[in-house]
Amino acid sequence: MTITMIVVGLMALSLVTYVVSKMSKGLGSVLTILGPLVALLFFLLEGSGIASGSSIGILQFGATKLGWFFSVTMLIVYGCVAFFNPYWMKKLVHPSAYNMLYILSLAGTIGMFFAVDFIVLFIFLEIAVFASMFIIPFGKSRNAAVVYFAMSTFGSFAFLYAIFMMYGKFGSFDISFVLGQLATEPTTAIWVIILMGIAAFVKLGIFPFHIWLPMAHGNAPDTFSPILSGGLVKIGAFIAIMVVAIAPTYEVLKNSYEVMGLPILIYIVLIIAAISMVVGTLMAIKQDDAKKLIAYSSVANAGYIIVGIALNDQLSLSGAMMHIFAHAIASAAAFLSIGAVSYRTGTTKISELGGMIQKMPITYTVYLISIISMAGIPPMAGFISKWLLFQSLASHGLMFIGAAAFFGSVGSFLYVFRPLSGLFLGQLKPQHNHVKEAPIFMVVPMVILSGISLFFGVLPNGLLNFIGKIQVELGVEGITTVDTAIMGNNGLLDPTLVFINFGLGFVKAFIIFMSLSKSRKVGLMDTYTAAEFVYDPNVYHYAKSYYAPIERLYEKHPDIVALYKGLVQRVVDLGRLLQFIFFKTKPGTTALFIVLTIILVLWGEKIW
Amino acid sequence: MKRIVSILLVVVLGYFVYTSLYVDGFDMAVSDNRQTSISDAYITKSVTSENESVTYMESTDLENGSANIVTAIVTDYRSFDTLGEVTVLFLASIGVSMVLAGFTKKYQFKMKTNRILKTGARLVVGLALVLGVYMFTHGHLSPGGGFPGGSIIGASILMMYLSEENFRARMASFKWMESLAGTVYVLIGIIGLFVATYFLENFLPTGTVGALVSAGIIPIVYILIGLKVGSEVSGIIDQFLTEEVAS
Amino acid sequence: MSQPILLIAIPLGLAFLSIILKKIKVPLLVLGLLFSSMLVFFIEKKSYIIGGFKPPFGINLVVDDYNLYFIIIVNVLFLVLVLANLSAVKPMATVLLVASAGLNGLLLTGDLFNLFVFIEIASIAAFILLTMDKQFLKVFHYIIIGTLASSLYLLGIVILYAQYGTLNMADMSGLIDGGSITPTIAYLLIFAGLAVEVKLLPFNGWVKGVLETASAFTGPLIGSLYAGVMLVVFGRVFGGVLNLSGTMVTSLTIIGVITLLAGEFMAFQSKHLRQVWLNSSIAQSGLAVILFLQGLHHVAVLVIVANIISKFVLYLVSGKIAAVIGHDKIADLKGIFMNKKALGIAFTITSLSLIGLPLFFGFFVKINILIALFQSSNMWIPALVLIAALIESAYVIRLLVTMWQVGEEGEKPETIEKPTFSLKVGFVTCAISIILGLMLLVSGVYPDLVINQSVKAGNVLSVNDEIQVFTMEGGLE
Amino acid sequence: MMIYVIFGFVAIGMIFSFVRLLKGPSALDRVVSLDTMNVIITGTIVLLAMLFENVLYLDIAIVYGVLAFLETIIIAKYMEAKV
Amino acid sequence: MRKFISTFIVLWGVWLLISGFAINEVILGGVVAIILAIILNQYFGFEMSVLFPVQAIKFIFIYVPLFIYKLVVANIQVAVIVLNPKLPIKPGFVRVRTAIESDLGKLTLANSITLTPGTLSIDIRDDEILVHWIKVEEEKTGKISLDFEKILGGIFK
Amino acid sequence: MSIVGTILITLGALFFALGGLGLLRMPDVFNRIQAGTKATTLGAFSITLGVGFVNPSWFPKLILLIVLIAITNPIGSSALARAAYVRKEKVYAGTTGDFDADFAPEKEGEA
Amino acid sequence: MIQIAGLILILIGLYGLITKRNIIKMIIALNVLEIGLNLFIVSVGYVQDGIAPILTEVNNSSGLIFVDPLPQALVLTAIVIGMGTTALSLAFARKIYATHQTFDLNEMGVEE
């Protein structure tokens, strides 16, 4: 099996899926499971040395470890999430289209990761974008898709412009060749770096390009939110790595003004990443919708990824890649668990739920593990990556960024706890009494993902060693590991040891909890206030206005969305104005315009 | 205010156009180069062969035997333009009748007939009709031709409408004339393509320059144009002199 | 007898005949168009003399790489359009025959004055055809401005005639390239005349009134075929005959750029389907004009081809929708495709091609535009082109999402009842839309034939050996 | 020499009529002056025929005469109807 | 038939006046005149008696000279008025009776009145002609058309 | 022969001038029609005839032209005068007779 | 001279088109413009001492100096085409009048 065959195969499969789905929705949705799993199998069997395959026209792929890493991550997410698809067939308005686009977006991402030439990369990038874009409105929002696509296209076009700037200078679209030449054209290079950086930011959902993320992730069908958050945003990370690690960015910037020993541009990027962490965290805290909450957490996590990539050293880059993987798995799992709850209850609003732990304990556990990983708490994979990043930040002495990262980590406790307590803990609502645990084929993938989070949190070194090889491929010193421990700048981290400690602590806590269990469960309807029966207990549900005191602190925060809305309104106004001027006319006005134009052009001729 | 601005604009435009045409090096007065160009060949009728000179009532079998050189251009050298022009008029007449489709009752002026006019117009109509026919049968010899000839026919119909309250032209027969004339024009073109080599080729002998029977298909084409234009103009006039009938 | 003149003569002859053979008008129309659509495949590329007078003395028709494909596209689509609206064409059969002849004349003629005649024929036919939509006042605007435009054009070519003593395009081009004083004003007048026809801002005051109410018949005809042909004419005149240089190029390019951007801005705020497409057409015309002015003829040709086909489908479907629903207010078209998926898919493919997404033909158009612009060291124009494309993407996607999805913002579609009305659209319309959509898809995956043809077409106007294009097969050539 | 005198008279006639055209005061006055000018123009074309020794101008004069008559009666009819 | 022939003759005559008398033109003119006469026959009311040549001669040799004479007189009269700084006019509307019945005759009479001294025909109603007179002399009202009436009465009925 | 021609032509041109003057000087529209039409008609006759004397071979066409003018000019004048009468155009103060209902052209439906 | 007159007529026509709101007046303005244009075209063909381009018994040889016949042919075409468009636009004007009972755009409530 070659990459070309896999990519083309997936694209063909997407069409086949459509046709099959038209005949049988169920069979079609099974294909969406088989597709990524078979592809994943091939990747795992062939390993990172997988053959690229002969080119078809311009479609030429080159095997890289980086691409392999990203592809496998993506395939795990797609493969696991796909198990949910059969359950959603009845809920979707256009199930056949969903299945087709699901596979097509996967094909897009895989194709993009292995492209050797910019245009091919761009083609697959756009395929991934528009395929996923069409799925989003199958969920709750129509505007989300448009916002997603518009922002994404903004990024894509910035990228495209950069591609063509390089093409204009070097006459080629070959990625390695063109990026290799960049250092010879510093002015172009800086523009290219900025434009491609913007593209990466947009795709990854970095502030201030993050607004599409909560809209899209929060409103996409429940089966697709995990893909968006776990998978597709990572395209941005891929582009970011391309900009910083593959392109000779540091070489280009070596003569530029430096802050804290870093080129100013890099430092600005770090600041923006830090803002992302803070904004993402703060916004996540105040979300009532679990899916939006996770989406905002993705914004914060993207900040970590960008920090790691931007610093581009041994620890940071490996941390970034580890985080890409860990976050992909964890956020996919988290979204899936919310999806499972939604499957049973029909809502994802925290305030409308509660006590789901009683009905869906496995789902609860999956969610718990995922958010622990996302918050960077041992013993999950997310902890490893954050530890590496903190190590790198500390070694650079970047205290400000470090502080932001720390704030993000603390804040994440707050926001992950909100659904945990509001949605899973607390009182069960009467209308959810009949709710059962998620069906088995939804449970299996969630458990697998949680297992992965846990496994690489405990034994990350297999993965880290591979990341080290990728780093070497990218020309950065690889991360080094010793047995089960990871070499940091100021010490070793042995995740296994950490896990054992945490495990012991957890066991202790569990024993204490069980032995001291004297509390009584009180039904939600069994509530009195001032000796008065509460007829609408929902108002007093404790998940309602969960963090009201904290939220009040930044109640009147400036809203970036308003800024974008303003921008769109300006476009609309301008359009209206133009239409008014040119079209609300009588023939005489048009004649006047014609005369005026002729005069102006002739005048121009006279002046120049 | 609007008027003043408009005047100003138009004046400025005029100034710019004037300077670019007559001041800035590009001289519209240069006309000599034209005589060495296309028209020169038209005048000496030497587009396809090299004619030294053409003499009235002497030169025979030229590529184009029309004594009126404008006619030569209109119905032969650039006959294709003319076919297009005929088509425009044809379209206009169809368009007018479609736009005014609901207008079917004859338009009556509020006043009764002017008897002086009524009698006089009949005389003039006869004269004008002869004149019109004369023009399109002599287009290759004298000024005029199919278009003015046809227009005069249309004008005489208009005169009839104006002077006689009960007059209605027989539009059906005009339609036939219009249709047949147009079709035959195209057919002549196609015959040129098949019998000779080119579309609209002048495949008949061109005779002696200046003779009534000369210039090959030119007089035929002009007669067709005359009939066609006449019937179209009449049709247009007929349409305009009807008023809308509430349906 | 593969004589291109027959593409003009036969429809004209039939048009004249159809006046008396009223009863078989429609068969005559179909027959004539069928004949044309078949004939186009047998035409050889060369110059055809009319009347036996070699150019520049006589009028000639030119068939070359530049116009051959357009002749094929336009004639076939014309037939297709008539077939799709067969029940509506009866009163217009004669005019349609003339319109067909007019469009062919515009594409074929090698003479500047003859071009004027065909502009008039085509425009007057359009005026009359547009009366089908009963918007007399709006068409009147078009008549006045269209006539003003052709008068300006005529003034321009007469000035050129005064200078060069010829009306033949090839002859004129040779004399102009031979170096003489440049009659700027003539170029500008010709530009103004053609700008009205190709809908450049601010020359296009007539467009909105005419196209926003266009039917499934007049829409594709005026918005796609006429627009395409007029752009081809624009390219022929400004790419092949006149030799613009200096400030003039800049000034006129600015007009093109303004048109492009303003078109997209106006489309973005449009609330009606056909209003969106007409504004989008304006923008695309601006783009094609920019490319012609910059000498990037081959990509301009690509833009025109893509635009003819996509606008054809879009206007056709939009017109049918408006006819069935009674209006085309986008907000009220929620989920309209749910019960007519085949039509929706064709519409979607076409729209996606329009905004240049990969897998669709439009993508290669966009990429090749950028290649060409960057190759000629343009930095600002591609940036603006991309901004325009961004706006276009946004409104097209918004439109598609609306038309495929039911329910209000925030509602889950699965809980909403699907619309029960059915979009009664004839089989022919669906079939046509789908076939054209598939063409965009196929040429989106394998665009090489079209792209290579466009390079040949561009080279007809001005030979450029340096042209690089991006195709599926060869990558960069 | 004579030709100047002749054209001088013609010009005077033309100018006077033109002044009436401009002065009006009623629309009909202007039409009357147009009618008069048409006759003068017809005569002038005949003069030009003599001057250019070209018989073809007479055809033009005849056609002009017919059309001028038509113009006059159309306007008269129109004026009459539009009381 | 008589209508047709008279129409044909007039049309042919006009043609020949325009085109000259070359044989080709005579033939062509004849053909054209026949066709036009057929077409116009239904619209052309006037017809000629068998005495047409006599009428024509009378018309040309008696009416025309009188007409020209009157015309010249009329113009001199107008010229005198116009050139007179005082502009001595005394305009008025008067009615003139005529005994002529044929339309063509009435037309000729009205035209003659228009082109002769100081008078302008405005309209014909039955046997009256409304005339604008530039210098009204009440007693002469009846005489305005007398001369013409006599001659035309001899030609037309 | 051409002397006669020249004289006739000159006279004709003179009449044109007089016609113009009449048109200009006359006080009301009826009088203007009188003055303008008569003078210019005679002028046209005179010129046409004069040209005929200069170029005798043109006589047929010229006669046709004269006949044409002789028919059309008075009719045109009458039509205009009738319009003026119907419209009750302002007349010169001393005009006798008036807009006689008895002779006003019939309105439609009256007759 | 005639050329300038033609240009001035074109400008007057343009002025009329810009300022007039009465559709009949607009048609008239357009016609004025077209007349100016036609005048201009004819004047382009003017040749010093040129005669009308028709061979006659008097001017019997192609060796004489004729004015350029081509612009005259073009003008003939332009006139007829102008006549066609004028007829059509007048028909539209009548139709519009029948609907709106006025020729004035301002009175039709056409949005400015």
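Residue numbering begins at 1 within each chain, and the chains themselves are lettered A, B, C, D, E, F and G in the order written.
The criterion applied here is as follows: contacts are C-beta pairs under 8 Å (C-beta built on N, C-alpha and C of every residue); 3 or more make two chains touch, one makes a residue touch a chain.
All values derive from a computational prediction rather than experimental measurement.
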| item | value |
| --- | --- |
| Each chain counted as touching chain C and chain F at once | B |
| Chain whose average C-alpha position is farthest from chain C's own | E |
| Distance from the mean Cα position of chain E to that of chain C, given in whole angstrom | 63 |
| Chain D and chain F, separation of their C-alpha mean positions in angstrom | 11 |
| Centre distance in Å when chain D and chain G are each reduced to the mean of their C-alpha atoms | 20 |
| Euclidean distance of C-alpha centroids - chain C vs chain D, Å | 49 |
| Sequence positions of chain G contacting 2 or more other chains | 14, 17-19, 26, 44, 52, 54, 56, 59, 70, 77, 81, 84-85, 88, 92, 95, 110 |
| For chain E, residues that touch 2 or more chains besides their own | 14, 18, 107, 110-111, 121, 123, 125 |
| Chain D residues counted as touching two or more neighbouring chains | 53, 55-56, 59, 62, 66, 69, 73, 77, 80, 83 |
| Each pair of chains that touches, named by its two labels | A-B, A-C, A-G, B-C, B-D, B-E, B-F, B-G, C-G, D-F, D-G, E-F |
| Footprint of chain B on chain F - complex, ascending | 64, 67-68, 71-72, 75, 78-79, 82, 86, 105-108, 110-111 |
| For the chain B and chain E complex, residues of the former touching the latter | 114-116, 118-120, 122-123, 125-127, 129-131, 133-134, 137-138, 160, 164, 167, 211-213 |
| Of all residues in chain G, those that touch chain A in their complex | 14, 17-21, 26, 105, 110-112 |
| Complex contacts: residues of chain D adjacent to chain G | 52-56 |
| Sites on chain D touched by chain B in the complex | 56, 59-60, 62-63, 66-67, 69-70, 73-74, 77, 80-81, 83 |
